[in-house]
Amino acid sequence: MPTLSNIAYLVSSALFILGLKNLSSPKTARTGNVLAMSGMLLAVLVTLLDKQIVDFTHIVAGVVVGSFVGVWVARKVSMTAMPQTVAVFNGFGGAASALVAMAEYVRMKSHPQGFEILTLVLGVLVGTLTLTGSLIAFGKLQGLVSGKPLVFPLQKTINALLLLVILGLGALFFSAPEDSVYLYTVCGLSAVLGVLLVMPIGGADMPVVISLLNSYSGLAASMTGFVMSNNVLIISGALVGASGLILTHIMCKAMNRSLTNVLFGAVGTGDESGFGGTDVGDRRVVGYTPDDVVVMLDSAQSVIIVPGYGLAVAQAQHVTAEMASILMQNGVRVRYAIHPVAGRMPGHMNVLLADANVAYDQLFEMDAINEDFKETDVVLVLGANDVVNPAARSKKDSPLYGMPILNVDQAKTVVICKRSLRPGFAGEDNELFYASNAMMVFGDAKDTLGKIVQLLKAA
Amino acid sequence: MPTLSNIAYLVSSALFILGLKNLSSPKTARTGNVLAMSGMLLAVLVTLLDKQIVDFTHIVAGVVVGSFVGVWVARKVSMTAMPQTVAVFNGFGGAASALVAMAEYVRMKSHPQGFEILTLVLGVLVGTLTLTGSLIAFGKLQGLVSGKPLVFPLQKTINALLLLVILGLGALFFSAPEDSVYLYTVCGLSAVLGVLLVMPIGGADMPVVISLLNSYSGLAASMTGFVMSNNVLIISGALVGASGLILTHIMCKAMNRSLTNVLFGAVGTGDESGFGGTDVGDRRVVGYTPDDVVVMLDSAQSVIIVPGYGLAVAQAQHVTAEMASILMQNGVRVRYAIHPVAGRMPGHMNVLLADANVAYDQLFEMDAINEDFKETDVVLVLGANDVVNPAARSKKDSPLYGMPILNVDQAKTVVICKRSLRPGFAGEDNELFYASNAMMVFGDAKDTLGKIVQLLKAA
Amino acid sequence: MGELLVSVYVFVLAIFVGFEVITKVPPLLHTPLMSGSNAVSGITVVGALISAGAGHSELATWLGVAAVVLATINVVGGFLVTDRMLHMFRKDKTTR
Amino acid sequence: MGELLVSVYVFVLAIFVGFEVITKVPPLLHTPLMSGSNAVSGITVVGALISAGAGHSELATWLGVAAVVLATINVVGGFLVTDRMLHMFRKDKTTR
């Protein structure tokens, strides 16, 4: 390969590094994306100009089709469907790596040997597993596959056995590299493994799974790079592999969970919350009405809105924004408090509220607003649950224990809009509902808020 | 070169990376040093076992002599002489790189060409410059050369011209690589350049200069690696080059200066402070006596000691520790407040006080203790000046402006022990001396403290 | 140094860079960062282009073309989606 | 890939690692870190060993031997001094 291409590949690797670095900080994120894009463009152009490529017809067709589909999906997809979209893209990337590895095998003049075989097998294994795992993740998030963790006996044992079989086949392939059947079987079994690994994970944990699979697809690209002795593949793949692992770790930490717990804990339903929720026997909760809420709001000077997953389920973001603007016209100070893991994906609430054109500077991160609850008249908890659950502070055996929560209980009045007393994602009952300053308003968030808006307008 | 050596080199590079990473955090620093050491040992062993080496006698002699000198110096040198010791070591490293580059040139079978010449010239230039620059830095810190910035007209222009001449010679060498005279002239002129670059920098800024030269010597090693196609040289050199730059930057930031200001600003005398200090005309300052201080101390319940560069000059660390232990026996709470840039090198005060056996847990970093001054009865400022100068808060045109300082002025009484009203390193008058709660005690810190100790013992 | 050894060197160094480059990411950026790095992992498109265009056997070419399509979707879709998300998080809403 | 190109790749990646690896160092550790990384830059001892031992011309050998001496001082002295400094900063003074 000519020196010039290799230098260009180095430049594009550097652009990827700078891109990822910038992407991880809010101020520079867009620049980061542009840098990474330029890196990719450069790598592709250089590859096309390289002497190795003799036939352009197929390529052009492939690139055109791929670009068309990519643009179309990226344009069409709704903001809240982002995680599953990323999952599918990621799966495609993994599949491509597996395909390239197989194509390389096919076109090799001599039979592969030694380390080459190892990287071939790993490339196919990781690539295929990424594809099927990502597709299942997509299915769970899109509601095509049940979001419930699918648990069956001996699950981990079976997965471990399957992996062993795959590696065994790899070893056989090592001794008979001319026998392509081994490689294809590895491919098939890896596909099964991908499905089995992701099925037992709850739908709401899918963002973490996708991030992990993303890291895998990076490694698959790296393996392909080894097979082809192509440095830009090796570098970018390793880059994504390692940084993806770190990101996965950071995501787990933000949820106060370990990666093991996410992968094997079978936590969460992904469907609406609260299977197994229990109404706490002897305690009573009064159900208030929207009228009661409006009375409280009329005398309030400061209001903080705490959105949660339920607001997304009810698609009540627009009516929430409407209510907020009426309150602001009445001279009330209205702010939104965004918990880092509210909703089902990172940034879920920001995306949701941006969709309803809520100005960015009304949104406050937990740390910026948590001190202000105690001076607030009314807090509206809309379809949020875990992120305001005091069990996180005190109940040692709770899955929430240790997670910082929004201190809504310190406000004068806490209005909670949800459909029942059932727990949220973590399956933990919420003491807040029984607090003396709490007002439960049962019902779908969109309905409740709609009524509140009507009453406010009428007043 | 055999594959095995190269793998070992990779491992030792990884050990260097992990070593540096660990060295940058207090908890893991010692581990980091051990990791880096093992990396070095591995690299040396592998090189010795490699087939390229045919003659061991010279090598063994060299290693034995070098180790002996290294161990001896490292044992003998006093803690406060650390920066200049590092400077010398660093200079030797640079010199070694330059020598190796020249040896490679001599032993090359064919004349070097293209890129090889570039790396040869750069290796010699950077290596030699590092040697002489480091030696000047050593001289300034050790007091062999005047610590004052040596400024002469057209300095920067002359340096720039010299660099141009060197690069020009490099170009000539490029066209006539068989002519070794060019390379040797580059070497000589680089030595001069190193001297000229460091002379105009004040003695107290030497730690920053050493860090920068350290980064250079890393780059010189890297260049040598290019000449020899040796990856462990390239990697470790680049590692030190880049991380040294970052460290230099961090050090400048801790002093609230820019690197340009350090290199070309000609700030600081390096000798005792205060040339050009002015007694502020019409204002009066009462000089208190050690007796007055003891009266204050007798009624105090909490005392914070703020050591500065003057304490090191007076070598008053032992008597300070003695005074502190008497006070503690009398039931007074005594703590030390350590400003990050107190003294003339990073960690200067820690080293000084450790020398007097002050327990580590009595030392508090600025952020940990700054809130406590306002509840403190007596603060003893011993030979410190800039680090307690309120000009850093308010006086926009001061070189100190923006540096966080110790809030000693919030204490009930501030005792300041120094010899005069002259300013400290930054040359900025100190308003604190005129504050209503300030007590100036003029005189050498060791004398003053000695008297205080006697009086305390007598009581 | 052998081809393979070079690959190993490059791989190890890139792994170190990858581990270091991401330090503290606020949850808000988790999804964009994930999707951005996912797009980067679509670099496999380079391999796909070579497989598809090197003009070897029919089978290799078709495997390559399939890979080109999938990888291109990954790259193009990934970067666009990331950009859309980041656009959403901007303070200044006037350009929407 | 040519020898030189490999070197460039390795160099660039190592530069990135170097820039990333050091993030926030408290002033207390500035001097030890400086001295530790200074010891690492003594890696040039590897080059010196090869120059001194490869058995070429007299001149090359002597240049090499001088380099071995200087680089060894740098490495051995550097690591020992760093260790001494770090020892000083330990909380527990009992071993002094």
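A, B, C and D are the chain letters, set down in written order, and residue numbers restart from 1 in every chain.
One rule holds in what follows: a contact is a pair of C-beta atoms (placed from the backbone, for glycine too) under 8 Å apart; a residue touches a chain by one contact, two chains touch by 3 or more.
Computed from a predicted model, the values in this text were never measured in an experiment.
For the pairs B-C and B-D, the count of C-beta pairs in contact is higher at B-D. Taking each chain's centre as the mean of its C-alpha atoms, subunit B lies 43 Å from subunit C. With centres defined as mean CA coordinates, subunit D is found 36 Å away from subunit C. Centroids built from CA atoms put subunit B at 47 Å from subunit A.
Once the centre of each chain is set as its mean CA position, subunit B and subunit D turn out to be 17 Å apart. Counting partners per residue, subunit C has 1, 3, 6, 9-10, 13-14, 16-17, 20-21, 23 as the residues that reach two or more other chains. Shared interface positions of subunit B, i.e. residues touching 2 or more other chains, are given as 13, 17, 21, 229, 231, 235. By the contact rule set out at the top, the touching chain pairs are A-C, A-D, B-C, B-D, C-D. Residues of subunit D that touch subunit A in their complex: 1-2, 5, 8-9, 12-13, 16.
Residue ranges on subunit D touching subunit C, taken from their complex, read 1, 3, 6, 9-10, 13-14, 16-17, 20-21, 23.
In the complex of the two chains, the subunit C residues touching subunit A come out as 3-4, 6-7, 10-11, 14-19, 21-57, 59-61, 63-93, 96. Against subunit D, the residues of subunit A that register as touching in their complex are 1, 3, 6-7, 10, 13-14, 17, 229, 231, 235.
Within the complex formed with subunit C, the residues of subunit A that make contact are 13, 16-17, 19-21, 23-26, 29-30, 32-33, 36-37, 39-40, 43-44, 47-48, 50, 52-56, 58-59, 61-63, 65-67, 69-71, 73-75, 77, 79, 82-83, 85-86, 89-90, 92-93, 95-97, 99-100, 102-104, 106-107, 115, 207, 210-211, 214, 217-218, 220-222, 224-226, 228-247, 250-251, 254, 340-341, 345-347, 350-351, 354, 357, 359-361, 365.
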